[in-house]
Structures are given as C-alpha cells and as structure tokens.
Amino acid sequence: MLELALRGLITGGVYALLAVSLILIWNASGVVNFAQGEWLMFGAFIGAWLVSKLHINVVLALLLTALLVGALGYLLEVTTYHPLRGQPHKSQVIATIGVSVALENLAMVIWGVYPISMPPLFGKEPIHFLGATLLPQEIGISVVTILLLGVLGLVMTRTMFGKQVRAVSNDEQAAQLLGLPVNRILRLTFAASGVIAGIAGFLVAPLYFATTTMGASLLLKTFAAVVVGGFGSIPGALVGGFSLGLIEIFATNYISSAYKDAYAFIILMAVLIVRPGGIFGERVGDKV
Amino acid sequence: MLELRQVTVAYGASPVLHSVSFEVPSGACSALIGANGAGKTTTLRAISGLVRPRQGQILFEGQDITNWAPERITAAGISHVPEGRRIFAGLTVLENLEVATTPRKDRSGVKSDLVQVYTLFPRLHERRTQLGWSLSGGEQQMLAIGRAIMARPRLLMLDEASLGLAPLVVVEVYKAIQEINRQGITVLLVEQNVSLAMRLAQWSYALQRGVLTLSGTTNDLKNDPRLREVYLGA
Amino acid sequence: MNELATKFNVPQAPSRMKGSPPDRWSQIGWAAALGVALLLPVLLTTRYQMTLASNLGMYVLLAVGLNFIYGYAGQMAFCHAAFWGIGAYASAIFATKFAMNFWVGMAAAAVVTLLVALALGAATLRLKFYYFGLATMGAGEIIHTVIVNWENVTGGVGGITRIPPPTLFGHALSGEKEFYYFWLAFALIGIFVAHRIEKSRFGRSLIAIREGESSAEAMGVPAFSRKLLALCLSAIYASVAGSIFASQTAFISPESFTTHTTITFVLMVIVGGRGSLPGITVGAIVLSLLPELLRGLKQYYMLLYGIAIVVLIIVWPNGLGGALSKLSKQVRSIAKGGAQP
C-alpha cells in the first residue's frame, strides 16, 4: 500500500513537472504546446546518451540536458511562436503540433529507431523504508523533483524574473505598457519550460527506455493532470500531476491493468464534463 | 514636452484619427476630451507605441518616438495607465508595483518611490500583500496609477481614470492625480467626464470623430459654444 | 480579461456569408480537377504510383468530413481517427462475424459511429475551445484502448484479418485501379454533399458559430444542436471511410486509429484552410503524399514533413484555401482590367 503510494507519487512527479512546464507556456502565451512531450523525450535521450555513451558525470549530464532542452524551448519561441504572434491561438497550437512531429523525427535521425536505456543512477541495492521497497534511483528522482519544484516556486515568487513572467501571463499588453521587455520574457519563459521538461525527461530515462514516441503519450496524459488541476494554475498542475500518478497506480493494481493507459483519459473526460474549471477551481484573473 | 504632428491612425481601411496635431506643455495638466469613440484612447495608444500611426510624427522632449517599441517609450519617460486599469490580477499589490520598476536604470530610488506611492495611497500599503483581483475598483485604479509612477515617468497618461468609480473614490483618485502633477510630472488625461477633466486641466483638446476640433486653455474652451457639440458627440 | 482584450483591440465586423453567384473560375477549376482525377490511372506508369493514388480519395473523404465540425463550426475535435476506427471495426466485425453484406455493414457501422458521436457530443459540446479539444482527445484515446483490450470482439493488438472486399453489383472489387475509382466516387459525393451543406442555411449557421458563438446565438442560431449535427456528419464521413478502408486492406489493427493519426487529419484541414473545400481537397492529397514524396531523403523525410507544416502555417495562416482565394481575387481583378495596387 505505502509502496504503491510512493510509486504513484514518483510517476506523479513526472506528470507534475511536465504539467508545470506546460502551464508556464500556456499562462505566458495562451498556447498549449504540443511539442512539450518531445522536449521531455529529448531530455531522456540526451541524458541517456550523455550518461551511458559518453560516460559523463550524472550531475553534469543533468545540467547539460537542462541547458540543451532549454535551448529547444528558446528556439520554439523564436522560430514558431514569434512569427505567429497576433495570429489566432489555434494557428499557434497547430504550429506546435508541426514542431512536435519534426522533433520526434529529428530524434529518430539522431539516435535511430532503437530505444536507448540509461543505467541505474545510484546503485541497484533496494532500500527498505517502512515496509516499502524502493530503488535508490526512485528516491533520487523524487529528491530532484522536489528540489526542482522548490526552486521554481522561489523563482516565480521571489525574483524579478518570476514576477515579470507572472505579469506577462496576467496581461501581456499592460506589461508592455509598463515597459517590460515582453519578447525577452516570453523567450526566457519558453526556455525555462524547456529546462523543466528536459529534467523531467532525464529523470524518467532510467525508469523506462527512451523512445521517440514516449513524449507524445506522456503529454496526452499530462493534459489530464492539467485539467484536474484547473487549466492555468501552477499549484493546480502540481496537485493534478501527483493525483494522476496515484490514481493510475491504484486503479491499475485494484481495478484492471489492461486499461492502465485509459484511466488518465477517463478522469480527463469526467472532470471536463462535471467540473470544467478543474477540481480546485479557477483563480479569478486566469486566462481561459 | 509632447508633440503630435498630423498623426493619422487607421485600423484596417478606416481611419480613426485624421491628422491630429497638438502639443502638451511641460509640467502642466492637460485633458483630451470627447465623446465615446472620438479617438481618445487611440491617441494614447499611438503615443505609447501600441499602434503605429499611418502618417505623422510624435515627438517627446524633442525626440522622434514615432516608431519606437512600447517598452522603449516607457523607458524614455512616458507612462500610460490604460482604460480598465489592467492591473496584474495574480500578483500582489507590492509585486504589481515592483514589476513596474523594470525599465528603470536607477535601482536606488525604488524604495523611496514605493514610500511615495504608499503616502499617496495609504490604502495600497494596507493591502500590499493582497492579490490584485481582490481589490475594489477604486483600489485597482490607485494601484494602476501607483504602478505607473513606479516607472518614474515625466509624462503620465491616464485613460478614463474615473470610469466606474463611486463619486467619493473619484475625488480621492483625482486629488492624487493633482498631487502627482504638483510634484512635477506632466499629466495628460483622457476623460469622457468632460466637466471633471476640465476642473483639473489647464489645457484642453477636444476630439470629434477623429478630428481635433478645439484646443487651448481650459478657460478659453469653457466659454466656447462649440464645446456642447463635443459633449454630445455630434 | 476577454472583454478588455476586445475593447483594446481592433473592432471587427462580423463576416457574413453571402450567397455567391455561381463562380465561373471555381467551376472551371473543379472540372479540370475532375478530368485529371478521372484520367490519373492512365497517366500513372508504375504500380507503386498507383498504390499511392488508390487511397487518395479516402484522405479527401476524411478531411472533408472533419471539416464539418472543425472547419465550418470551428470546434477542434481530436477524435476523428477514433470515428474512422469505429467505422472500420464495426463493419469488419459485421462482415467477418455476421457475414453481413458490405453495404448493409457500412450503413450499420455508420449508425454505431453516429451513436457514439451523439453521446460524445452531448457530453462535451458545451465546453470551450481547448476543453472540447482535450475532451475529444481523451475520448479518442479511450476508444483506442477499448479496441486494444476488447479482445474477443476486436481481436486486440492482432486486429481483424480476412475482411472481404466491397461488392458492386455482384462484382467483388480488387486491384488498385478499381479501388481508386471507388474512393473517387465516394470522395466526389462527399465533396458535393459538403458543398451543398456549406451553401445551406445550416452551413451558414455553422460558420456563424465559428465566427462568434454568442453572437450567433443572439441571432437565433441554436448553437449546441447545430454543433452536434456537425459532429455527427463528421463521424459519418469518417465511418464510411473506415468501412471502405477495412475492406480494401482486408486487415485492420488498433495502431492505425490513434491520436497521432487524428493529428494528421487535423493538419490536412489546417493546411488546406478550414472551411475551404478546394483547399482541403488539395491539402488532404498533398499531406498524404508528402511523406512519400520526401521518402528519397531517407531518414530526414519525416523531419522535413514536420518543418514543412510549421512553415506552411506561418506563410499561409489561412491554409491553401486562403492563399487560393487571394490568388483568384487577383486573377479576377486583372481579368477585369483593374490594376492591382
């Protein structure tokens, strides 16, 4: 029971990270970025490649991965979002779908069609904790997830950059009138979102094989997490991500494992039909 | 201080402003008046760079700012409090004021300016940790004005600052605007409430369907029989 | 926020569709296209080219079908592949397990798909843009998972094999050429029906909903029921395409009917230009052939496919249809002797 809960929280952490990175861009630009899953996939591939092929130190590899995927985020703003500013959001969203197709196939060009795996990061000896058995890397993953979310929270509330990002997310034109460099802030927001998605990918790499299609399927489930949390709220995305991880693992264990991949979507539809504002409601002033 | 030279603005094919020219004198409080849809807001948007004029020039302190980006115009010393206040709903009062200091180069004066805003609007100090959306309409207007002066402008433009506020709150807000003007900041008001604006402004300009029809000192305009037309929007 | 945004932005006049007089240029265009389509099998030299061509009608039918809910009514439905799959599976099951005639099976499958669309639409069509997109995407994923897991009916991952081909007046269809014309006939009927609907009151009310749902309702358009009808039309088109697809390939498996496939269909409508039948027809043909055309580039081809889509959206935000109508306007004004500024 406890072991299941912990496992659920670990998977949930990955959903939460991806959900938060998605919401960062959504809040700032009003765009649902379909390439977000591919950023995670690139994080997984770059991480696995750096660690298992180039034998780079894990911490360094994590930082490099974050940097490279962050650059992908920056590039998306420059090459795709920026040229389409002023167009309806629908066109921008569709363009990100095109980017996701391109990135998926770019990964295939770089790393080939075969999945890559990352070696276990912190040894193989399982750790026993209150009757639960966990692998060291599962604990490592949760520690990094919590640290990352903590840093993100501090950046968003304590730094000028975080406040600027939130201001642009609230009202882009008012921010422009106050002399905020909106373009630069948007670019950096996309980059920050890429960093988070890249780290999330790095973290899942030792759990699953890195495959070129992993991003798309994780992203679709992350939409469920985002909707549960109420589209547009970062704390909501966190809660949504963790609860999705928990629900998925308990339902798989106690109801049926065949429908493992459907639970997220059943929740997604149920929440949308019953409470489209998300379980935790929407804050006043949020977009949507 | 600010000069518009034959500025024409059009959305799509239809012009909203026709060759508008006027000059805002330094240090004074001026008012741009006119009925709904006369082009007042568009004029402000053109000055702050949100729309590009099709023709004409806008000069600020002798510099041609016509095609500058909005953030560059703000950094040059023009702050625009937009209609509807547009405060950041998800940020606290203090955070709203803090982000507004972005274009400033002197970080040292920020603290004293914050004190100044709080002196001007003690209510903002009381509510400094509250999120923007929880403020009342009047408090939001105060925050919008406070936010604008955190950028240390030399010219402050206010669009419909009295709209939707209770009469007592209007008085409070306009007293603050007067105080700001007294401290040396040039003010340009846009008001539908013509009599209110003219009580405060030394200079007035009247727009009628995109054309500047009257301009001069407020006292001269008050006695002009054509002012009635401006009221009625004919 | 929205209210303020509109206040701050350019006021836009609501675009109104006018019953346009029969347009000579577009008639010539359609006639030329039909001529090429009829002659195409003669023009193609290799078997490979014919194989590629045999399916073009299917993509046109699917894209024109998706255009009802997405192009005209403006609702981003993300479950078109699921409707296609239900049509394919239902008629395959009717044919293999109940030995049902192809045409009866196709009709019965369309009824099944229609019922699913009705239920889904009733539950989700009141949602706003993104939410409706996400809900239908969730529905598509659920339907896919059900197909994978309902093994004794759908055959699970292994799919259904030995599906009999369609029969036409006692003749069982076979060969690429026959299927090419079979698809062509359906695509033409599909386009014709869609064209009639576009010009009807119902079609105009859908476009009014796309341009602004609340103002459409204020004008007396019952938005919800109109959108539901549009979704049902989309589903029926997809279902028919699925039935023919299943009996053409004789084998279907769940992997054809994923969100990934839906996205391909959505891109056809987007690249073609939402609401423009000629644009969408071209879009469906181009996008279904593009991967093949780029295949010479080896592993880079799908990468370029993705990039090409982004570039197309940036260059022609209104799709090929938008670009075409702009071009035809210019041609017309030149023909009239009016100088273009």
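Going by the order they are written in, the chains are A, B and C; count residues from 1 in each one.
The criterion applied here is as follows: a contact is a pair of C-beta atoms (placed from the backbone, for glycine too) under 8 Å apart; a residue touches a chain by one contact, two chains touch by 3 or more.
Here the structure is a predicted model, which is why all the values come from computation and not from measurement.
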Most distant chain from subunit C, judged by the mean position of its C-alpha atoms: B
By count of C-beta pairs in contact, the leading pair of chains: A-C
Chain nearest the overall Cα centroid: A
Approximate Å spacing (C-alpha centroids) for the pair subunit A, subunit B: 41
Euclidean distance of C-alpha centroids - subunit B vs subunit C, Å: 51
Inter-centroid spacing, subunit C versus subunit A (mean Cα positions, whole Å): 31
Multi-partner residues of subunit A (at least 2 other chains): 171, 173, 285
Shared interface positions of subunit C, touching two or more other chains: 8
Junction residues of subunit B, two or more chains touched: 82, 86
Subunit C - residues contacting subunit A, complex: 1, 5, 8, 76, 123-124, 127-131, 134-135, 137-139, 141-142, 145-146, 149, 259-260, 263, 266-267, 270, 299-303, 305-310, 313-314, 317
Residue numbers on subunit B that touch subunit A, as the complex places them: 48, 50, 70-71, 73-75, 79-80, 82, 86-91, 95-96, 98-100, 102-103, 131-133, 147-148, 151
Subunit B partner contacts - residues on subunit A that touch it in the complex: 160, 163-164, 166-167, 169-171, 173-182, 283-286
Touching residues (chain side subunit A, partner subunit C) in the complex: 32, 79-80, 83-84, 87, 90-91, 94-95, 97-106, 108-109, 171, 173, 216, 220, 223-224, 227, 231, 258-259, 261-262, 264-266, 268-269, 272-273, 276, 285, 287-288
